[in-house]
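Have a look at the structure below before the remarks.
Chains here go by letter, A, B, C and D, matching the order in which they are written, and residues are numbered from 1 within each.
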Amino acid sequence: MRDMVEIGMGKAARRGFHLDEVALVPTRRTRDVNEVSTAWQLDAYRFDIPCVAHPSDATMSPDSAVALGRAGGLGVLNAEGLWTRYEDPIPVLHELSQLDEEAAATRRLQQMYAEPIRPELIGERVKQIRDAGVTVAVRVSPQHTLQLAPVILDAGIDILVVQGTIVSAEHVSTTDEPLNLKEFIADLDLPVIAGGCTNYQTALHLMRTGAAGVIVGVGADDFSTTDTVLGIRVPMATAISDAAAARRDYLDETGGRYVHLIADGGLGTSGDIAKALGCGADAVMLGEPLTLATDAPAGGAWWHSAASHPKLPRGMFSPAGEQLGTLEEVLYGPSDDPEGAMNLFGGLRRAMAKCGYSDLKEFQRVNLILDR
Amino acid sequence: MRDMVEIGMGKAARRGFHLDEVALVPTRRTRDVNEVSTAWQLDAYRFDIPCVAHPSDATMSPDSAVALGRAGGLGVLNAEGLWTRYEDPIPVLHELSQLDEEAAATRRLQQMYAEPIRPELIGERVKQIRDAGVTVAVRVSPQHTLQLAPVILDAGIDILVVQGTIVSAEHVSTTDEPLNLKEFIADLDLPVIAGGCTNYQTALHLMRTGAAGVIVGVGADDFSTTDTVLGIRVPMATAISDAAAARRDYLDETGGRYVHLIADGGLGTSGDIAKALGCGADAVMLGEPLTLATDAPAGGAWWHSAASHPKLPRGMFSPAGEQLGTLEEVLYGPSDDPEGAMNLFGGLRRAMAKCGYSDLKEFQRVNLILDR
Amino acid sequence: MRDMVEIGMGKAARRGFHLDEVALVPTRRTRDVNEVSTAWQLDAYRFDIPCVAHPSDATMSPDSAVALGRAGGLGVLNAEGLWTRYEDPIPVLHELSQLDEEAAATRRLQQMYAEPIRPELIGERVKQIRDAGVTVAVRVSPQHTLQLAPVILDAGIDILVVQGTIVSAEHVSTTDEPLNLKEFIADLDLPVIAGGCTNYQTALHLMRTGAAGVIVGVGADDFSTTDTVLGIRVPMATAISDAAAARRDYLDETGGRYVHLIADGGLGTSGDIAKALGCGADAVMLGEPLTLATDAPAGGAWWHSAASHPKLPRGMFSPAGEQLGTLEEVLYGPSDDPEGAMNLFGGLRRAMAKCGYSDLKEFQRVNLILDR
Amino acid sequence: MRDMVEIGMGKAARRGFHLDEVALVPTRRTRDVNEVSTAWQLDAYRFDIPCVAHPSDATMSPDSAVALGRAGGLGVLNAEGLWTRYEDPIPVLHELSQLDEEAAATRRLQQMYAEPIRPELIGERVKQIRDAGVTVAVRVSPQHTLQLAPVILDAGIDILVVQGTIVSAEHVSTTDEPLNLKEFIADLDLPVIAGGCTNYQTALHLMRTGAAGVIVGVGADDFSTTDTVLGIRVPMATAISDAAAARRDYLDETGGRYVHLIADGGLGTSGDIAKALGCGADAVMLGEPLTLATDAPAGGAWWHSAASHPKLPRGMFSPAGEQLGTLEEVLYGPSDDPEGAMNLFGGLRRAMAKCGYSDLKEFQRVNLILDR
């Protein structure tokens, strides 16, 4: 079904496509923008916009998780970030907002994240978000899930996000007890989002663990170096479409369980968001785009979690630059930025209207054109 | 018939090509340049060159519409531009000709276009063009057609241009009365040009509304951001060829109604114009290239209509740069610019001659070669 | 046989490849460089290297035509260049060697070439070359062939080069008497090289005129703007291969007439030359690469003939830069330039040796690999 | 089996792919990094990491060959480099570490390498490495193998590397006695590594000479100009896969002789190394990446052997830049460089773990995805 290309004698590869290689094709119908809905629902939780925050300290503090929740999206706090390592991370975030030299930045990040996690802080942070009345989601890495999940769950959250660069349903380890996601999820009574993954097979197996949502992609943007360090690069248009096929097949094999796909990677503008959804995603995970808001925790600086790895950093530090407006303006406008970085979901809504669709599920069927 | 490419499992896309990916292939015959005609005719109106102005305030004032008409092309005034918002737009245009900072420029454009349209000015502007004895064409957006068309038609125009970024034959709205193009055109006794559109199906439906001309493309050039904001990008060589197929099929289904295709997007040089016509267009719509004339209304500055959108701007402001010569010289030379931005239609004529064709209709059959 | 690609519904294009998209594939045999011959022969004239000069004033004066002939190549003087317009072109060439501003440069070129051709100078220039004892070749444009050929032939040349950007075997004109190449060549008793052409059909028809050599390509390099001005761009690997097919078919239809192919375009380094020959060319026409010699007529400045067109210039002026060595060193080394611009034919020889071939005719069969 | 593309009528080419066009696809399984082995074995010699040094004076002195051997890789000293031309090459290397002007650098390299080889120095250098207790490998060019091999072998080495840009099993020469690799190797009782080669056929014939290892590629990196000078460019993903097919076919035809493939070219980061092994290589040959170590012989400057060719240099001199850490850190980390140039084999190990493989032989089967 997919193009197989002979790389050499006896070695074939599938052809993958990036979001910027495809574009939306309007239909013969157009709509008013106010005829369009961008709402979606994960388990019992309904959101006005298909926007999940990438759980980075650069975008998500307890305050900004609340702000995003109030604005109609889903904030996600990192249980292994600065907010659970420092009683008061404000001075650290302030220093990061002032940092500008890249080489030293990596070393400084490594030092900051060398501080141990203090489990008691997790409850405090969660309480702050929960008290604000928004949906509470917390991220934990697969490596630390068995250790930290009890604390996180005790804190009273709504959604658990088990996220690493690459997460599989079957992790092999002989030294530590490996996380068995399927058993872990079966024991919980709250929805779990798990990922990232990059292909049909892994997505399908993650769905079979009982996850309510699966993250597609490795969160790669211009500042990620997963490709140069690990040789793993994810053409997102293909990864999302493949995972959508897994969602359909899993829906069939379970007689109706719909797992939501959250696209994480290569998303900078409202046009990118529209394309990811047009390829079949149910929502997008945004990192760097949210740092353009004036209320971003580190003043606009951006780095991936993997950028602070003590032995093998896999992301570049992006110093704080000009900020465009409030989080509300970044999401809903009005925009005075002509390049699609503001009014992200107003742009999505207009794209859907111009193409003639009225809701996200229909919009997943939009035609695409592929160009160079 | 067209290459379908599997983007992922269960999601295919058609492959589209841009004008700069194709080139003309000469035949085994060559001609003298003076054996070549570039004339075309829309309804009762005949033009020496297949040049329609993009209805932007940056290119079209009443004066420059007259100048283009006298030079053999078709000027188009925007009924929703500065000339119908300001009694005297000269100071505004002068300010734009001096503007150089991009970010502030968007905000300033938004302010300028926040001024309401004064319908009484439409008649005044039209009269000025009509009195000069050239073909009078005025552009209105689909959203404002029902409201402004009576005033525009009363003013005594020859051709009405109903143009938005994406225009369909079937607009859905529950709050406003949507424009039914087919009924609207049936009631008129003057030719209508409608568009833009991006594919076969929409082009065919626009032809079925009774339009005399259909605009293909969304007017995208280096300063347009339709792609990054909306995810809609139009490979023009493909869009034009597809619309030419719709023209041929519509000609067949109507037993002889020939609808003219006007290509709008990606056209900067005489070579680009030749390629658009070689792909099947009957004429080209030029925006930014005409701002290189010394008599351009805003002194060479350039912006798209969508660049001033109050909530979602979709185009960058290009400050005035060096201007190359008079409008006459930009169209017919002599040129001292080696990069194809002057003597646009002398260049077209020479391309046709080198390839061995003597008129535009024949030239639509020129062979193309595709490269990287 | 060739990939046809659907550009749009009802419009297909052939896929063309540039020289920089292909590379040579060595065989399982290698050779010593001194086992390799780069010689070729056109009619009665034998050359050590497959190097024909592009007849530009930037590369060819009577002196440099002699120098190239002595070095084993074929110099070609332009009968319509500065040497036949000015009694003493040295001051003009000197001015060009000092020129550095591009926009003004085009205007200045247009002025210089506005000077009329003085036929009596043709004989003088030819005599100077002939007296030096090398093969004498002169270029004339198709437009001026009927008028200038008698003078040129009287001057006593060995090879006539009838060259324009695009030359066909069938030129249509109603105002002037068009050149009928076939009749013209039949009346001559010296070999004619004609071109450029860009495809199989035109190449075959040029061969049928009786030409001894056919130029493939339009001489396009980084400074040519044939593409942006006329929309004609020639992927040279494809153009050469197609013309080589025409050569083979013509050889068959005539029972043994072998027409030489001279590739003109996209050739900057010894690697490019090797690829052009590997695609099937018998020789290459070099322009800009020869201006890197210290004895280049305009001190290293470079421009195409079409760059001085009075109404539609189609090439940029490249100011004189650093020069690498004598013409002998540019052709044969020793080189101290690591980027392949010196020792052009030593590089070719080594490429042939590394790939295991011993003469040019065999080398045309070398395998190619295509990459991005 | 492979895509053949028509370049033109009658000239086809195979499509080749570079390492940066492919990426690794994880499986549905992941592993702990400490479950992964990167060990390999060539003949009787076992190595912790699949790292062979490119035998350049910029990376390999006797000291650094020892350091690499102790770190688990294989150092290779060039028998025709500065260490065998100068009694004391330290001042020369120091000068190279200070050199910054490129054009003059090529001339200076040519002068330095004009110094004749002093065979007696070979024994001295080898002794120094052997005395340190690591595996001793020395490189000689095919041209000088017959002359220098006796001296090299007498010195007591473990592995002989016969390496030129392009090496074939069948070299044709009428002036010198050509090296017959098969006879030469048959007479030796130590393993020989031979290459580079670029395709299946040449790789297979090199295997049939009895070589224990075959080098695939011409060592091309950003500083190599083999492509521009010779027209030979090697898409490494294809070259490695093809050679892996030759290895498999040779294994079959010999009933079990496994020849190791060492990829040489296009390798700058841990991600590149992972991809080369994923395409089928058994080990990689590293040049420029090793110059980033603080103990690199020329302080971080980098040049290819061919860069000093007296008549046809084929590589650019890269002046010394910032160095990242010790050789140990470059190979094993910890890294504070986010772009994959440090902790090269820690990065490889993590890539293998994320993709779910536990040793190099299994990892050769990893799935690939091809993108633009």
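Observations on the model:
The rule we apply is simple: contacts are C-beta pairs under 8 Å (C-beta built on N, C-alpha and C of every residue); 3 or more make two chains touch, one makes a residue touch a chain.
Per UniProt, the chains are A, B, C, D = IMP dehydrogenase.
Since the structure is predicted, the reported quantities are computational estimates derived from the model, not experimental observations.
Listed here as common contacts of subunit A (IMP dehydrogenase) and subunit D (IMP dehydrogenase): no chain.
Where subunit C (IMP dehydrogenase) touches subunit D (IMP dehydrogenase), the two copies mostly use different residue numbers: shared numbers make up under half of all numbers in play.
Chain geometry summary: the mean Cα position of subunit A (IMP dehydrogenase) and that of subunit C (IMP dehydrogenase) are 57 Å apart.
Annotation: 40 Å between the Cα-based centres of subunit A (IMP dehydrogenase) and subunit B (IMP dehydrogenase).
Counting partners per residue, subunit B (IMP dehydrogenase) has 15, 17, 238, 372 as the residues that reach two or more other chains. In this structure, the chains touch in the following pairs: A-B, A-D, B-C, C-D.
Interface residues of subunit A (IMP dehydrogenase), counted against subunit B (IMP dehydrogenase) in their complex, comprise 1-3, 15, 17, 22-32, 34-35, 200, 237-242, 244-245, 248, 269-275, 278-280, 333-340, 343, 346-347, 350-351, 354-356, 367-372.
Taken in their complex, subunit B (IMP dehydrogenase) has these residues touching subunit A (IMP dehydrogenase): 5-18, 21, 103, 106-107, 110, 165-176, 178, 197-199, 201-202, 205, 225, 227-235, 238, 307, 310-317, 372.
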